[in-house]
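Multiple structures follow.
Both of the next two complexes hold subunit A, though its partner changes from subunit B to subunit C.
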Partner chain A sequence: MAVTKAQQAGSRLLLFLPAALWIMIFFVLPYTFLGYVSFKPTSSSSAYLPGFTLDNYVFNLTDSFFWVILAETLLEGVATVLICLLFSYPLAYRLARSRSRHRSLLYMVVISPLLVGVVIRCYGWMVLLADKGLINDLLLKTGIIDAPLPLMYNMFGVMVGLVQVYMPYMVISLTGAIQRINPELEYTARSLGASRFTAFRKITLPMSLPGIMSGSILVFVLTISSYAIPLLLGGNKTLTTPLLIVQTALDAFDWPGGASMAVIMFVIVVTLLSLYIKVLMHAMRGMK
Partner chain B sequence: MKAKLASLLLAATLVVPSLAQARETLIMTCYGGAYQSFFESEIIPEFSKKYDCDIKLAIGLAKDWLAEMRASGKDNAPYDVVMMNEIWANQMRLEGYFAPLDEGKIPYMKDAFVVFKDKSGANSGIIGVIQPAGIAYLTDKVSNPPKSWKDLWKPEYKNKLGLYTVTNSMGGEFLLTVGDVWFGDQKQTSKSIDKIRELKPFKLSEFSGDMEKQLTLGEVEIGVLDTPAIARLKKAGVNIGWSEPAEHMIMFEQVFSVHTGSKHKDLAQAWINYLLSPEIQTKFVRRFYTTPCTQGVEVPDDLKEYIPVGPDGVSRIKVFDWEFFNANKSRIIREWNQKIAR
Partner chain C sequence: MREQKKNLTDRFIDLMVFLAYVFLLLPTVIVVLAAFNGGEYLHFPPDGFSLKWFSKLFATEQMMESFFFSIRLALAASVTSTLIGLGAALYVVRYAGRLASVLRPYILSPLMLPSILTGLALMISFYSTGIGGKSFLGLYAGHTLITTPYVFLVVSSVLYNFDYSMEEAARNLGATRLQTFFYVTLPHIKNGIIGSGVFAFITSFDQFPLSLLLTGPGYSTLPVQMFDYLRFEFDPVAAAIATINIVLAYGMMFLMEHSVGLKVLYGGKK
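What follows is the complex of A and B.
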């Protein structure tokens, strides 16, 4: 019996339905409510007042402190992406091209940071980076330094934590992309006289752009929305937009203020990522 | 057939009343870890047996409970009994989330050292746990410990201090204390933040566990800590001392309230009365080294070494104007972020 077009459409819809429902319930609805709350007047004695206002947006958009923190958060995201990319690419290349029987073990090592909770990992870093931590202790005892280095409770400590936690996402994305590149292309380029670096620059790097794009988006989004790492390793001295939003919404009880900050951040991040994707897509089209 | 019908009817008459008298269940907010295990093993079973009820603990932190209460509304209580710090409880009391407490149903309320009233003047919150706080210091590093809050500004303590961020209740209390001791007015928060800025550089803690960790590791040599934490650290072998500040002490406290929308208000009040009873207060003292919250409960002799503040010392603990603080919290946090957390 022939399957009609209507039946085909029905089965496609059925396949789509669970994901659509999931996104509707856990993404669209909360964000809609967030947007709704962001337009409510703030109150110090209830969640918000009746009516609607633009005051929360006007306040945040004209607040230089909010912009400074947002800019620092975005820069922190860009820096984490760049460092992760720099460290991950050689590793991903080696993983992708490896024919070792220990390859699966190497994968496990790469993703091992994800097997431990983020708070536990942060406490591990604290043991190493604290003023009286192992690194400073060792440097002091060997006479290399006279006073402890400020390795924690600053941006350096936060970056160390972020790079370690999010690097596996970059490695996995890059490995997948590099594996899809036919190694024969590199060998051919080398046989035609291209240096190892030229073959990498002209063939491997451009063809791995999809992996760079997905890895950098993942790492960027996770970094700028990170809460526990800046809180624990920043020691309340490295303020990021998520910390500011939580402070505003939960500590200061200003739900509308916090919601408007979240919406502004969301819009800016979506805009920046759209531009980034557009530029990379353009570059990838140019390769073809 | 008739016999079967008769037995069914008999069964129904037996089952229906038992369903109607189903056990009541109280839900109370509670912190995880030691508090949770203490309540579950040492507090709940006896009450549960006596009142033929169940007590369930909603494990979390005040921020979570507040968000849940606000999201649920005043008439739809996610918790029957709310235990939290006064900085948070004050806010919810003002918003009308806590019911008046009846002294007839909580006879031990008359013995409590601190009872909070709502806008109408009715009693609506009782402090059931007191952890007095003052100045902690490492005895092997600080030979001349600070004796007052003002002492913290002495040059000899520069670069040795640990404080709380202002979003922590102890951080809020310290800020109001600075206003009180330096400017004679808790509400001088801008001046107080500037004054605290003079103490830089110092480490900031988000919660008392972090302060304990920093003192234990020697990351800070002087900090603000409660006496139960000092007792724990002393027992763990940390060389730590504690000074009661000359001006006044501050505290971590737990306030018990009944949710306005609770369907079990009588049982909830019986539960609070039970928590305030000398027997349970003594259990708190023994387990957590807390200071008794009601008259008639003394610190046992064998614990006096670890509990420096007895019932007679409660009057030396400052109770702050959280209504002012909460109403200005956005501004205070903002100013703190700009001047301290940068």
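What follows is the complex of A and C.
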């Protein structure tokens, strides 16, 4: 064993290097370049002009249209989180407390939609929600309605898609949190005379708060950065920040404009994610 | 009185849970039904069982081409990310020491940021450096970037649960470092590696926003092709290819569950 310590450390580092370089070249540098472009003057004839300017940021941040779209995107995120929470909690509670031997199968069913691509799932919703779709067909034939209901290419369709696609993440976060609560606590409260609802409100709900928080932030981040769902189920009727970014950068060929919007979005996402990590860390500490 | 109320609450929760399951599975089931339905649209009652959309699919050249293109791309990306992700996981779990708390988030970072932003950043970078914004290389680089963190996540969780005393035993009995790795360590983490590779494959195969920005003429991935198709036509050819995709994904999921357990991927234990 004539290998020195330094040589050994060096050869071990070789294990890490390929992945580290890949991420540096195809992730860190491109994002840096995106940031760089966001400070370049816009040009109509080329991608951008030399020089340095804050104009793109000033323009976006004083543009009421940008704010309206951003506000709508964030609102859509909040609505998706709330609906996901409402539908996921009972499901997560049952999964966490289940003693069935089919439990892992039930868990798999919940996360299996994640393995089916987002385009396919949107397509499934299109078959259901279109004017000639299954739901309208059914309602028309039974005579409940006379004209097809507008179920997609609007906010409703987008929300249905968002909730369905991101709900599994909420269920996973909640199931984990509820599993960590000792069921005995609830039984004890009930044996001391608390009603089922009170036991839930005073014990299970507050103790699952870390899961609610982390699941909500995760779903929120995924929703506001979603591109395919508003595009496919919203048609051209609903505009969100990710759609606006791509439209500006590609369709209008305004790289600095699109890049500066992307940086604003990046800041929002990173802030939320650091909050998410803080919540998770806090929950982990609580476990010890 | 109280007993009855409890049953009512229970039933209400059961109903909610049932509806949640239906809601989660509905679009997938509908796509499969549409693929085997005889008519252009799915109505009640259905038009009867038919395989005609599949035969039309096999005759739709661009669909089949992008299907095989996606398979090639997913194979390239998953093999690469399995290799580099495994290396990174070995290093971070075993040798990085205190640095692990910095290196781990670094490797996981591509997973954290929206792929639409990553796609935009990659596209303008490729375009500017002349690699060409629309090449196989760009797609390959982007997909490998997205799938590597998953491999890292799965393999490092397997490594955390690995019993190191077995390696020590092998070394004490005279095995070399390489022998120990190939005869002791590798067989134990093999399932984790295969599982992570399979998951990387599915992730690449399903990837949409990144591909949309990096796909060019002649280089269309299946989700992008389906997306284009759905904008102009609404016939169930898309449902037929989607069904093949769904069967592939579920098959691989069972493989995954069998090899490592899916929990590892989604906030399971570290």
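Keep in mind that, in the parts below, the second predicted complex is superposed on the first by the 236 of 288 C-alpha atoms of A that agree within 3 Å, B and C clash if a C-alpha of one lies under 4 Å from a C-alpha of the other, contacts with A are read in each partner's own complex, and residues count from 1 in each chain.
One rule holds for everything that comes next: contacts are C-beta pairs under 8 Å (C-beta built on N, C-alpha and C of every residue); 3 or more make two chains touch, one makes a residue touch a chain.
Predicted, not measured: the structure shown is a model, and the values here were computed from it.
When subunit B and subunit C are set side by side, the one touching more residues of subunit A is C. Once the two complexes are laid over each other on the shared chain, residue contacts for A:153 go to subunit B alone; subunit C is not touched. By the touch criterion defined above, A:125 lies against subunit C but remains apart from subunit B after alignment on the C-alpha atoms of chain A. Of the two partner chains placed by the overlay, only subunit C lies in contact with A:265; subunit B stays clear of it. In the superposition on chain A, contact of A:47 is made with both subunit B and subunit C.
By the touch criterion stated above, A:248 is placed in contact with subunit B alone, subunit C being left untouched. Comparing the two interfaces of subunit A, the one with subunit B and the one with subunit C have residues 47, 130, 132, 250 in common. Interface residues of subunit C facing subunit A in the complex, by the touch rule stated above, are 6, 9, 13, 16-17, 19-21, 23-31, 34, 41-44, 83-85, 87-88, 90-92, 95-96, 103, 106-107, 109-110, 112-114, 116-118, 120-122, 124-125, 127-128, 141-142, 144-145, 148, 152, 202, 205-209, 212-213, 223, 226-227, 230, 234, 238-239, 242, 245-246, 249-250, 252-253, 257, 262-263, 266-267. Per the touch definition, subunit A reaches subunit B in the complex via residues 42, 44-47, 65, 130-132, 153, 231, 235-237, 239, 244, 247-248, 250-254, 257.
Of all residues in subunit B, only 63, 66-67, 70-71, 91, 94-95, 165, 167, 203-206, 217-219, 326-327, 329-330, 333-334, 337-338, 341-342 touch subunit A in the complex they form. The touching residues of subunit A, when paired with subunit C in their complex, are 9, 12-20, 22-23, 25-27, 29-31, 33-34, 37, 47, 87-88, 90-91, 93-94, 104, 107-128, 130, 132-134, 137-138, 141, 163-164, 167-169, 172-173, 176, 196, 221, 225, 227-228, 232, 242, 245-246, 249-250, 255, 258-259, 262, 265-266, 269-270, 273.
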